[in-house]
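Some structures are shown below for you to check.
Shared between the two complexes below is chain A, which pairs with chain B and chain C, respectively.
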Partner chain A sequence: MAKTKDLDMMSSSAKVKLGASDMIVRGFGYFITTFYALACIFPFLIILGSSFSSEKSFNANGVQLIPKEFSTQAYEMVIKGGLIWKSYILTILLTLIGTGIGLSIIAMTGYALQRKDFPFRNPISFYIYFTSLFSAGLAPYYLLMTQTYKLKDSYLAVLLPLLMSPWLIILMKNFVKSIPHEITESGKIDGAGDMKIFTALILPMLKPALATIGLFLALGYWNEWYQTSLFLSSRVDVKPLQYMLYETVNMTDALKNTVAGQYVVITDIPSNTVKMATAMLATGPIVLLYPFVQKYFISGITVGAVKG
Partner chain B sequence: MADKTTNGVTTADIAVAVKPAKKRMGFFAKLIKYRTLTLMCLPAMLFFLFFSYIPMPGVWVAFVSYNYRKGIFGSKFVGLDNFMFLAQSGKLWSLTRNTILYNVAFILLGNLLAIFIAILLNEMRSKWFKKISQTMMFLPYFISQVLVGILVFNLLNYDTGFVNTILTRLGLERWQPYADPYVWPVLIVLIHLWQQTGYNSVVYFAAIMGIDGEIIEAARVDGANAFQKIRYIILPSLKPTIVILLLFALGGIVKGNFGLFYNIIGNNSMLYGTTDIIETFVYRAVRGTDFNFSTASAVGLYQSLVGFALVMLVNYIVKKIEPDYSLF
Partner chain C sequence: MKKKLLAILLAATMVLGLTACAKGGSAKKVDTKEHVKITYMFTGTKPEGAAMDKFQDMNKKLNEILTEKCNAELEFYWIGWTDYLTVYNSNIAEMNGNIDLIGTASDWLDAWPNAKKGGFLELSEDMLKTYAPKTWASVSKEHWDLCKYDGHIYLMPEDNYAQWTNHGYIYRNDWAKKAGLTNGVHSWEDMTTYFKYVTANKDALGIKIAWDSDGTHNVQMASGWVASHSKFVPIDGICTAALWGGTKDDLYKIVTPAYTDTQMMVDFAKMMKEWDQMGVWKTDVLNNTTSTNRDDYRVGLVAAEQHHTQTWTDLCSKSPSNTIYDDPNAESGFFYFGEETDNVVALSITHGAMAVSAASKHPERALMVYDLLRNDPECYKLINYGIEGVSYALDSNGMRITPEGYDSSTDNVGGATSWWWGRNDDLELKDATRNWTAIEDLYKRYDKIKIDYPYGQFIPDVEVNGVGSKIKNCNQVFGDYMKQIAYGKYTGSAEDIVKEMQAKLKEAGIEDVTAELQKQFDALYKK
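Showing the complex of A and B:
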């Protein structure tokens, strides 16, 4: 045993030095990475802790990692208020419908645009790509959506604009490129039409791509608040989850609606902890789900990174 | 122009450069022959027609004094007055300066930190540790900007914020960042890094994983230590990725991250001096208290044109140094 060790030492004295610098880098690495990773989740932890605090203790002691006075009152009020469930249902519906439609269109387009024999593929690619180079800007877009399309206060104003983006279509195109062209050729020889080739031969091979792009779309719908803030006014009672959260935190009237009917006077509502509880309820599903799906996002980032 | 575009896109699809020799076909003959593939593209084409192309003539609103009842094309034409007003009031300059400076900081520090984290992750040997820490770093990317605003507020606010509860406990004076415009450039850059680094480091991590293992092994045999390995092998092989990512980021340097600024600063006009970017200004003019479509559109058009020119310039440069990566 001792002999082998000696032999190792003798075989290269450099190895000892190498070990030392490796140890330093690694030790430093573990320290920094742990610190940084904790910093990434820390803000969530203090909101989570505070959401289980009693309002009185929160107001006296401020934000707290571990609640001094444990209370589930805020959660009970938000849950009983009922508005958050309606927001949940709306957001889930928007996410499912939007992701379904968007993904179908993106997959079809991505496939057609990488078919080498399709003569219009360059002009159409450019037509789609150009929209990411130049846009009219917010003001003309807003006027068109509200005055010409009459989408003010319509859920369509949230659903439609998030269906696709040039980036996602290019990403899909890059994914489809990795499928050998021979598959399409073999389908053609068997006499299948383009649509048949796409649905029967290509789609089953696109599962990882569909998962990745579908998740990007779904994340977009789940986290949507921007189109809502532009187009859904106070006349719409039920808003997508993230905007409902925005209103609960920033507008007193909305806070009242969130805990509807349980208290008449605004000062009786444990407003700070209700805000925290709403934040946790609106974010919970994403936080619980993303560790299982992050590998698809990683593949999306690496496939689409440079050629974005 | 049409020819040039076609050529451009062909360069991008380098793998397709070999064109099969085909008989010339008329447009309609092609349309009939490839009707299925054309139809497959149609929904996407309609989408971009309705949401991107039809709004474009609306930029005319930047050249009129917009009147709600008369509509965009019925309002009084005022030429470049809207632009002149913005330029003379100094607004255009301060918005451009804020937007660009923030982006420069985001791009430089963001990439630096992402590379740093990616290299450290690569040095870790424990798979378990690597996985857990990457998952934790990725979390901020998945949450909505609304929640980011809430998290920041609860860390920093005067009455109940985390920082202030600690300061009080230590017997120190409370800190009031929401009344101090000068701390926000630093804070916003930190928040941006916090949210994006987990995501950005993936790109670099993948690039490091792509380095030929034999090169690293050979260096080890030659007695290179960990620092030398990083300095002489990993960093040089990341160079193309870094250059390309930086260049493309440069193309978007006049586009601001609206969600971040709006959710953190909101309508706190005390902080506008150091935190107002083009997007937040335009948003307020369209939806908020400073209601003015013509000014909003003038700023938006200016931003689009500068952005367009920058992307063109960047693409030209990328094409010179690394044609494979050019956009078109």
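Showing the complex of A and C:
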């Protein structure tokens, strides 16, 4: 209640003070922001427009905001393969499961690492930090995953490596640090166990952190193509969405320029409009995630304020 | 005594042969009792949906033949184009015995490093003779020698397939005639005449610019100029600028004409300045990232394209995408770099080659399958083109056409198999849409003057004496200066800029690199 009152006061006092110079500054600000926003969305709209253009018109006239010859052929081409829906479902599942599991273990790790009564917390922190400094390189990693863990052609090879990253753990640890130790103590005094303290007291206060890190994780899973390229061979039919998109683009580049350009007839190469349509489909749902988690970003700013 | 011995040997072989025959089959009958699956790993994109169904139809048919002929079936194992080299090398290093045949290349797929590391099986002459007899017989001794590392054969080369990747300019011959070049363009000077005409008549010809270069042809143009003005034979794969190489007179003495022949480079700089002032390319050519020159050429929006012969064979042919040929007079010529000096080097025969995985459980059968795929007409057509009547058809001249109802997005089986490691001109079905009169004419000229690429086995060791970083530096310096020189964008005189470049190359250590490479060359070739 107090919060809203503060906000009201702030906005009303601003209204009173709004003079001519403020109007200019504000107008200018709005103008710049709008312009910048338009500039950001413009390429996206061009892709959207071009994806609905016919291939012929695209080649003759280049990219178009409003297609001169409207056609849904590109989308039909992309969807005709049928695999894209399965890829969609796979990517969504990976994102949901990965983010869910990842968030919970990162939150628990972060919380445990900042508890002062947690033994060996410094060596363990250092151990986690250390892995971000040194890595064994690609070949050992590949052999570890394929020969020791036998994860070749398994979706786990995509899911597991992205679950935790040192920097997300450190980020979470610092978030949790901002929650006063007294809260944990008060829970203890009331007789709550560690799990209870974590789920009932700490987690609700971590919402902004969960949203931030969850978004990082979700984006990581949504955009994942690298582990896929390494560990999911052609024996796996359904691949994550971004890999499919990336492969389309890479195939075009590889065939056209570098490797085997001389072998390939032009009709073998996916057409430009198909690339646009694929890009549209691949961006799709993840865009909707941003507004959903946005409010937590804003409330994240005030999370430090603890009142008695 | 000798005669007697010979007679005994002869008799022995006959007896052996007879017993073998009694078991049914040729002298060295191979045990094919067990049905095996041979996995063929290669770079390419796995088809999906309806295209996959068509592909499987072909695969099924192919497997029937393979089962009948050598009791094996073929499994395709695609390495997608995303980060392909890493994934490719990782899969070879895995050595789990799941892969048998490996499509490889010495210039773009790390064939030699993998042979060195033990990823590929050493193919003994005996093995090749026994299990891949047709391939063994069709490849000459000289070519087998080019497939050896440390004295052992590791690769089976695609050496009977004409593909020319020497660069040059693709231009409109009909316009060249109007420019007074009745015989076409055959030198850089002719090219100047041609560009003079098309830039002056831009609007009348309906082009937006003579050549919408994206500013990345700098090094290629410089190499082209060098090829046309010297007997230089560059070593591929050391750096993009191909600064080092031998000469046709002395293949194994390393030189860098672009560094040592000042006058040649000054002439180049001057001519390119002229082109720039004529307006051959856009004024902001060096920042021109949106060029679609090749597609523009197809529809007549530009007058030239710089790429290799194989691209020209596409651009010179009447096809649905090449709308310029709606005009019956339209004609595309090719001025190849080195035409003035007859300096043409064929593509390395190991640009496409097949290897057998060292971990393969059935290397013998893998060789048998390869021999069939490469030499058996039925298998060859299936893996290259698909099923007749579905993926391709033949016209009355025996040329390959697309059958009725053909849909390139699903029926193009050849696009999914990437059979680039054993194509065979004896079995190729010519694409009827190609302009074969023009193409064969050029190929014949090439065959007369070409030399085989001599350095296919040379893997420079760049770890020693910091040679690697010096090569990178030289490449960088040369590329940077060529951006200015090859697009005529330098200030001051041509002499000055060339002198400056030479000084910078010297600073970057070009002479040290030459000396080191020469040392490695001598070690390899002066045995």
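The rule is simple: the second predicted complex is superposed on the first by the 217 of 308 C-alpha atoms of A that agree within 3 Å, B and C clash if a C-alpha of one lies under 4 Å from a C-alpha of the other, contacts with A are read in each partner's own complex, and residues count from 1 in each chain.
Everything below uses one rule, namely that a contact is a pair of C-beta atoms (placed from the backbone, for glycine too) under 8 Å apart; a residue touches a chain by one contact, two chains touch by 3 or more.
Owing to the predicted nature of the structure, the values given are computational and were not obtained by experimental measurement.
Novice: Considering only the touch criterion stated at the top, classify A:D22 as touching first (chain B), second (chain C), both, or neither.
Specialist: A:D22 sits against chain B, while chain C stays out of touch.
Novice: Taking the superposition on A as described, I'd like to know which of chain B and chain C A:T146 touches: first, second, both or neither.
Specialist: A:T146 sits against chain C, while chain B stays out of touch.
Novice: Looking at the overlay, does A:A200 come into contact with chain B only (first), chain C only (second), both, or neither?
Specialist: neither
Novice: In the three-chain superposition, say which chain, chain B or chain C, touches more residues of chain A.
Specialist: Touched residues of chain A are more numerous for B.
Novice: Please work out whether A:G82 is in contact with chain B alone, chain C alone, both, or neither, and reply first, second, both or neither.
Specialist: second
Novice: For A:Y243 in the superposed arrangement: first (chain B), second (chain C), both or neither?
Specialist: A:Y243 sits against chain B and chain C alike.
Novice: Name the contact category of A:I183: first (chain B only), second (chain C only), both, or neither.
Specialist: Touch status of A:I183: no partner.
Novice: With both complexes superposed on chain A, which partner does A:M251 reach: first (chain B), second (chain C), both or neither?
Specialist: Only chain C; A:M251 stays clear of chain B.
Novice: For A:F118, using the defined touch cut-off, is the partner it touches chain B, chain C, both, or neither? Pick first, second, both or neither.
Specialist: A:F118: touches chain B, not chain C.
Novice: Could you look at A:S233 and tell me whether it touches chain B, chain C, both or neither (first, second, both, neither)?
Specialist: second
Novice: Where on chain A do the contacts from chain B and from chain C line up?
Specialist: 59, 62, 138-139, 142-143, 147, 225-226, 229-230, 243, 246, 250
Novice: Quick one: in the complex, what on chain A touches chain B?
Specialist: Answer in residue numbers: 12, 14, 17-18, 20-22, 24-26, 28-30, 32-34, 36-41, 43-44, 46-47, 50, 58-59, 61-64, 105-106, 108-109, 111-120, 122-129, 131, 133-144, 147-149, 160-161, 163-164, 166, 169, 177, 193-195, 198, 219, 222-226, 229-230, 242-243, 245-246, 249-250, 272, 275-276, 279, 282-283, 286-287, 290-291, 294, 297-298, 301-302, 305-308.
Novice: Quick one: which bits of chain A touch chain C in the complex? Just the residue numbers, please.
Specialist: It comes out as residues 59-60, 62, 77, 80-83, 138-139, 142-143, 146-147, 152, 225-226, 229-230, 233-235, 237, 243, 246-247, 250-251, 253-255, 258-268.
Novice: Applying the document's contact rule, which stretches of chain B touch chain A when the two form their complex?
Specialist: Per the touch definition, chain B meets chain A at residues 2, 5-6, 8-10, 12-13, 15-16, 20, 25, 30, 34, 36-38, 40-41, 43-45, 47-48, 50-59, 61-62, 71-72, 117, 120-121, 123-125, 129, 132-147, 149-152, 154-155, 159-162, 164-165, 168, 194, 197-199, 202-203, 206, 220, 223-227, 230, 241, 244-245, 248, 258-259, 263, 266, 279, 282-283, 285-287, 293-294, 296-297, 299-301, 303-304, 307-308, 311, 325, 327-328.
Novice: How about chain C: which of its residues touch chain A in the complex?
Specialist: Residues 43, 45-46, 48-51, 76-84, 86-87, 90-91, 93-94, 96, 108, 163, 165, 292, 295, 299, 307-308, 310-311, 314, 319, 321, 408-409, 412, 415, 418, 420, 431 of chain C touch chain A in their complex.
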